[in-house]
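Before any comments, here is the structure.
Just so it is clear, A, B, C and D label the chains in written order, and each chain counts residues from 1 on its own.
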Amino acid sequence: MKRKVVISVIGGHDINDKVEKLAHNIGEIIAKVGCVLVCGGLYGSMEATARGCKQAGGTTIGLIPGKDKRDANPYIDIVIATTIGYARNAMVACSGDIIIALPGSHGTLSEICYGFVYEKPIIDLGRWKRPGMIKVKNLKELESKLRDLIKTIESK
Amino acid sequence: MKRKVVISVIGGHDINDKVEKLAHNIGEIIAKVGCVLVCGGLYGSMEATARGCKQAGGTTIGLIPGKDKRDANPYIDIVIATTIGYARNAMVACSGDIIIALPGSHGTLSEICYGFVYEKPIIDLGRWKRPGMIKVKNLKELESKLRDLIKTIESK
Amino acid sequence: MKRKVVISVIGGHDINDKVEKLAHNIGEIIAKVGCVLVCGGLYGSMEATARGCKQAGGTTIGLIPGKDKRDANPYIDIVIATTIGYARNAMVACSGDIIIALPGSHGTLSEICYGFVYEKPIIDLGRWKRPGMIKVKNLKELESKLRDLIKTIESK
Amino acid sequence: MKRKVVISVIGGHDINDKVEKLAHNIGEIIAKVGCVLVCGGLYGSMEATARGCKQAGGTTIGLIPGKDKRDANPYIDIVIATTIGYARNAMVACSGDIIIALPGSHGTLSEICYGFVYEKPIIDLGRWKRPGMIKVKNLKELESKLRDLIKTIESK
């Protein structure tokens, strides 16, 4: 009856091959550590992460800005049609017990800001380098860091 | 790779034993027909439906109004902390491919209204009797109606 | 340094001549009693009320659902681009110290519901006849009722 | 019948005397150039700007996060009770035809981000130094820049 630990992954629409691969791998790790992925539900890094998570057997939730579920990328299991536009960035951040930040633009940065406002652990995989974000060197370190954070969250 | 059909159940906090049993049974049926339950995540009929769904092996999502996940009832698997208060009623309605309305007060009626605004099928199990809602006589008819609606939704 | 008493007027897009005249007259009364008009900023009764209020020298605020201020009707002085779609109905209701309900459909009813949730006085000028709404027989009685309510609100 | 040009001022709660004076002066300029002030409605720089604007005869609107209008600072003429928490930052940004950014923390930065998302001119008076923001050296240059922007906005 325990509720699931949610990892919110935030990042941009326009991504290069390297970031797409990184996003996919992060999705796989989220499935591997037994968490649920929450993201904005759309394209670019959101799609790549959802694809990685889903293909590794995980659960993916997309908080899309609009009302039409068909806006979601095809790797989203459960679409929440928030209807509130980009104001939904607040809830992408607040719904994560942990946030992973990939490279992105203003939208992604707004989500990082909300992560701080709601006092979430935010892992920097996008060279954001903002004070207070958690650094990890590689995917192995990411997985290890996630397992530590999950243990702490589940013990609360 | 197909996305899950979501059933949003809406209803009040203060419920009697009869409604609690009804809500629990509806939750079981949602699990049985293979859908995901979305609800407001709090107490009363939201808790009873989530308990029924979860105990029957289903997945339960709670769109809570606030930012603190501990506000959710214990039968919610995945808590979305919407942070937007009762304005989240719009997204409870819009996230359902199907809405089931139990007895409730003004909050529930606002969700029924949003269901109409977003053109959702709304099943009346709360004696709302508003034109355009779908009537079912009993739980057997509910299950049958849900299976019909799910087939239509999945074929789109 | 006293803040202004806000009257939120809610009502539908599709209105007949009679309701348009009523809405216009209500707008005039809002200006006359020295209040600010808040509405959804769009067309139908929102436009007619704003026109009445503005032509009588009042101030009109439109809480539009989208991001483009040009969506507002031409009688809105100050456009708040809420960006959150119809979830903004919650804030149309909550921003009114007093709510006046004209005829309308599901959207208007959702705003009446939020009015009850946020415990606002709601004056029924749309034959809603819901328990707890305030009845007035004509515009003279409306003005008198508004003056009473304003006095109470300002003394708080 | 022309709608008012809105200037949204964003900035932090915790401010020193220097920023308080700056905020007050900016409020005065907003009144002087004939615009309406929109802000978050609370304390710190929001209060100082509203005080400056109000004392110079301007109109001040506060988009507060909660539902209780008494949360607003005493220099707000018209309180919009958004009810949607910090997700309201999206609408503070989007409601400004022009945004002025004072020093602040994560909340303010989220509003700057939304300013970029909604393609607003953003004047940097908080040493944010983000690419795309408009620099002004002093209050005289601010006033001149505002007059230019207002002319462009009104001609659209």
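As a working rule, contacts are C-beta pairs under 8 Å (C-beta built on N, C-alpha and C of every residue); 3 or more make two chains touch, one makes a residue touch a chain.
It should be emphasised that the depicted structure is a prediction, and the values quoted were computed from it without experimental measurement.
Chemist: Which chains does chain A share as contact partners with chain B?
Modeler: C, D
Chemist: If you line up contacts by residue number, which pair in A-C, A-B or B-C shares over half of them with A-D? Let me know.
Modeler: Equivalent chain pair to A-D in A-C, A-B or B-C: B-C.
Chemist: So which chain is farthest from chain C, going by the mean of the CA atoms in each chain?
Modeler: The most distant chain relative to chain C turns out to be A.
Chemist: Quick one: report the Å distance separating chain B from chain D, using the average Cα coordinate of each chain.
Modeler: 40
Chemist: Quick check: how many Å separate the C-alpha centres of chain B and chain C?
Modeler: 31
Chemist: What is the distance, in whole Å, between the centres of chain C and chain D, each centre taken as the mean of its C-alpha atoms?
Modeler: Those two chain centres are 26 Å apart.
Chemist: Do you know which chain C residues sit against two or more other chains?
Modeler: 67, 83-87, 90-91
Chemist: Inside the complex, what are the residues of chain D that reach chain B?
Modeler: For chain D paired with chain B, touching residues are 67, 83-87.
Chemist: Show me the residue ranges of chain B that touch chain C in the complex, using the header's touch definition.
Modeler: Counting only chain B, the residues touching chain C are 84-91, 105-107, 109-110, 113-114, 116-117.
Chemist: Going by the contact rule at the top, pick out the chain A residues touching chain B in the complex.
Modeler: 1, 3-4, 6, 36, 38, 54, 59, 61, 63, 67, 69, 72, 74-84, 87, 90-91, 94-95, 97, 118
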